[in-house]
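In the two complexes below, chain A is the common chain; its partner is chain B in one and chain C in the other.
So, the complex of A and B:
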């Protein structure tokens, strides 16, 4: 979990590794928009399966699969449990009662806590949305060199400062995690047992004791890295001449990806117009059917 | 021809400070020079370097007066990006500056930023990697490189832009002897063959004075010496006054009134032979016998210890057996990856052996319990309390020991300060005090001298010696042969997880062949002693005494 190599991008020769960073970013944007607009569980499931297939194609190591699975489980569990308990739309059918309304104090305070069937289903959809983005996010970070990511972000006109901050954050996450582990080790060596600090005050104290050294070291590192990158010519006057043009294959993939996204977006829009009774085009019946079933 | 770098009355004050970090600095550096900038920690060397490539004033947010001109142009009128094509800056720790994950990408970064054609970039990357000895590693992950290779990659990442000057901030402080030697030879070759100007900031004068023709000495933000390196070395009092370690060959020459002193061991041997033709090695008595092996209580015992990080990996340590007794100061030496740090982690209980037995005070070590104290290589990661006093008091077995300990380590006046805001030397001493306050029986130090100037190294070594003399045992990892020779009672040399040598310093440094195989360099005094008298001498004083004795004998 704290091993630096587990989090950092790894050089590789798989098609996913070779895929241009600019296309990966477009895919990220398309997926991000898609998971918000798409309501169909089956399409969301297919997208999740596709992103997981991406990891298979990228030959993600077993340790990374375990890490990914852990994150997916936490995201799915959190989303499903919270939605199942706090679902407030109608109809809603309770399938289990966690706290009966007659329970002293808690029951009165909460009017009872139930697990709702509809909430569970809605939570599952939400969980798939989170999992798709998590899975793709990991795939992007594990298979894209930070330098390429930076150039790609700048290529897509994200402001230099924002691009640099985003990529530096990614670059530093593994380092921070690895140094957090070292700090915990140092604390153990000095006889400090985190398990003894289980009280709220103790937990806050422990958090600060871990945070200070990690923060101080991270700041020092960040300053050095920023100076190193600046003094290698990277800055707001950065020129994009060195960004090679997309290969014909890349262009095709990009065009295909954008076309599919645009078509899906248009179909969804038409469906929303039809569903709300704002506009109906008889010739678009197959589009409405497709959108209802898949989007 | 105009100088490459002209600094005129430069004064710079960081935004957070009230006094200037560098004051009234005036100097010029001509094209093709190889310049050393040295001085005590915190004297302003690194700040001066940053002024050379425009990070000061463009990116530092302080106040600058005076001016820095590069090729006749004021750095204020150029951006850092423009300056990056003329001056490349390499930082102390390659881990902090390497940005990419693939060797090729790291080197290509500066070229892409300059807007070069991709074809040209590929050629330039290949050439640069060949120049720094990393040819064929284009597609390697940066994580697979050794410390020395990473430092050369960091150098390649700025060299690829073909700057007219490269400035390096303590480039050899993080690498072992082999890595340091390779990097310095590379710089010399580049300077000679391409005419590139090299400016190096470094404490380790032993290695760098042999290659730098000009030396600049700084103190409290000002230049107190600027001249030929040989001239500076002829005035040892200047270096000693500034807390710097004189290279042993120089010390030996000066001790024998041989001027100008030689900076290399071979040069010192030649000069001594030429100046003192009456040397009579046969008349020399053996060095005084060292004290007998301590017979004190065994504090540490390792028996056939094997450990591996991965099931398929190699064992490091690989069948190690040893004992450490009360009163011993044991230096563990070896190239990066030899297993030194793993050995310490087995001793402090962070790792458990795959097979074999580790015992400290007769029991299996458990991290944080028992009586093993460790100071890590990076003390920052050990400090977590709001004040120095709280840090030392944390875990102290007796609160009454805190104040004397603070005083002993020169921290009394800093007792109320935030530990992480102190200087590097002060942070290390705070970590050491915090560990000593727990009254450990065994003290482990992981590379305690890295990045420290000589004054701090001496303080740490004396503290370790006192600790051992009081009935403890000290085990420390180091690349510094002079420190090991000067302060250890015993040296262990490891190679690929195995104990190659385990004996007193004199016996260990007599094994030139085995040391070379393990990537360990003996101290220069040992090399000079071997060449002149076929004897292993450990310090400049011993060499001087031998030469004098030989002259009298002859």
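So, the complex of A and C:
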């Protein structure tokens, strides 16, 4: 997990690797907006399956799959379990009782702790939203060279300074994790026992012992980087090599992606208008039905 | 294999299993029929054929009234069963319980179902901003036509006051009778009702409507027709006592050929009630000779074909307890062969119908049988709320029994098959949760029921929202 190569982009010749970074970024924006607007569990699941299929197409290695699976499991089960226990909307139907209301102290304090069926379903929807972005984010980072990502961001008119910071952040993550691994190794050499860190006090102690050196090294590295880019005239009259124009296939893919997103957005908007009683068009019934089931 | 590799594969496997479980929950949890062949869940001469989950619904409890709905109709040849669910799906099943097709109602809510006399079409009424009546091909589920019959009743999108087709009937010639209804409430709190009855050809063309212009200012919840489609009867349920209604009679009978009013009848209220309310009746005999009606106040009425009252019986008189009247609400009324069948449901608090009552009315949750001369024949106590009754012939009826808000006994839930006229319970088809709907196939070989989930006072949930299908194996 702390291996630097595990986090960095890897060269490849799969269709996903060859896909233009600009299109990948548009997909990221569409997905980011889509998962917020889409409420249908079916569509969210299909989107999640599609992003996972992207990893299969990109021939993601087993070690990376493990890392991805670990993140997704934590995000999904964390969201589902927490929502199942603390769901406060009505109606809610308990499917299991964790702490009975009659239990001394805890039961009386909490009025009982239950697992709610609706909470589980709501948590699953929230989890799928996070998982889609997480999966696609990993796919983007693992299959796109950071330099291409930077040029793509600039191509889409994101200010160069912001683009640079975003890509630098991405590149820093593996470095920070690698340094964390170094610090932990150093601590082990000095007699650190993982079993002692299991207690809450031990965990806090370990966190401080690990975080301070990592923070110090990150700051030092950031200062070096800042001085380096400043000395090269960062932001004043920076000119990047222009990206080649999109291929006809790329343009078609981009247009299709944007058209689908716009259509879905319009359908959702129409549905929201009729649901709230703001406007209803009798001829749009099929759109309402579609939006209710799939959006 | 190294331990670290084992851990990796373990994580990947857990992830794959979680993903598969999520996919199953999202797509398949509510779709599969569970074929069963055991006798244990059936009655003596009935074998359980299938069980089908119908999706997620709000679980009701004993503290608040309210019903979980489900609509069931068998095709005239008994070969298919149509189900309309509370969560907006029309499902068509074979007589073996296989799902033939299913259609989501989209933004609409399914409020009525009926097969055509030939069984090749299924009519579906919905409540939505469009107020549509659909005609589907019964074999494939393909839409044949659609008519926004109830759209003329208006719509208030902001208040979600939508028009709907809430009851459908079909005569032998294939004409479709649709009852359209819309309920709204003014800012001053006054109830506003709009109702219309439509007669359509089998191809969906409007033949007549009642009233011919405008809408009835009455809540019409029920409509009955004779077998040949010569007469239609309906009752009103106007709750506002201070208001004067244009359609202020309690029972109306229409000439089903022209849509003209044949007769109407007023029924004086029974104190302490100030209005006479008919919610699940009247119904007309198959031959059109008699009309039976049951008022919410507990009175049963019997009319002849010309609207003359032949007799009335007070089946559940309101009882006063601590200045509050409790009453066992009357609902269903049918004429079956030479007998009239009436039902009462749970005990209601007249001051607040949603609150449970401290005691049970002695006449509650019962089915009464009289002959056409008004002579008492039999009474059957259901033990729980009678949610629906269904029959294919005057010899036998099936009764869906739901929760009893006072005794809270889940042992009464299920479908009871009763022999008429003595109302003797011949079979009990038990369900864990309360039964919300029932249907009997025309060949009387199949019984279908919709079970609803119920939350007990200790928080436990029993039953589920699902369809049950039983087949008769014995010779009875």
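Please note the rule applied: the second predicted complex is superposed on the first by the 267 of 295 C-alpha atoms of A that agree within 3 Å, B and C clash if a C-alpha of one lies under 4 Å from a C-alpha of the other, contacts with A are read in each partner's own complex, and residues count from 1 in each chain.
Going forward, a contact is a pair of C-beta atoms (placed from the backbone, for glycine too) under 8 Å apart; a residue touches a chain by one contact, two chains touch by 3 or more.
The structure displayed is predicted, hence computed values, not measured ones.
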Q: Report for A:95: first if it touches chain B alone, second if chain C alone, otherwise both or neither.
A: second
Q) Who does A:284 touch here: chain B (first), chain C (second), both, or neither? A) neither
**Q.** Larger contact residue set on chain A - chain B or chain C
**A.** B
Q) Which holds for A:225: it touches chain B only (first), chain C only (second), both, or neither? A) first
Q.
Between chain B and chain C, whom does A:267 touch in the aligned arrangement: first, second, both, or neither?
A. neither
Q. Is A:62 touching the first partner chain B, the second partner chain C, both, or neither of them?
A. second
Q | First (chain B), second (chain C), both or neither touched by A:234 | A | first
(Q) Quick check on the complex: what are the chain B residues that touch chain A? (A) 50, 53-55, 59, 79-81, 83-85, 87-89, 91, 93, 96-97, 99-102, 105-106, 109-118, 121, 139-141, 143, 157-158, 161, 348, 350, 367-369, 372-374, 376, 378, 380-385, 394-395, 420, 434-435, 438
Q.
So in the complex, the part of chain C that touches chain A is made up of which residues?
A. 8, 11-12, 14-15, 18-19, 22-23, 25-27, 56, 58-59, 104-107, 129-130, 148, 151, 155-160, 453, 455, 459, 461
Q. Can you name the residues of chain A that touch chain C in the complex?
A. 41-42, 45, 48-49, 52, 62-63, 65-66, 69-70, 72-73, 76-77, 91, 93-95, 97, 112, 114, 117, 121, 124, 128, 271, 274-280, 282, 285, 288-290, 292-293
Q: In the complex, go through chain A and note every residue touching chain B.
A: 5, 8-11, 145-148, 151, 171, 179, 182-183, 185-193, 208-210, 212-214, 216-217, 220-221, 224-235, 237-244
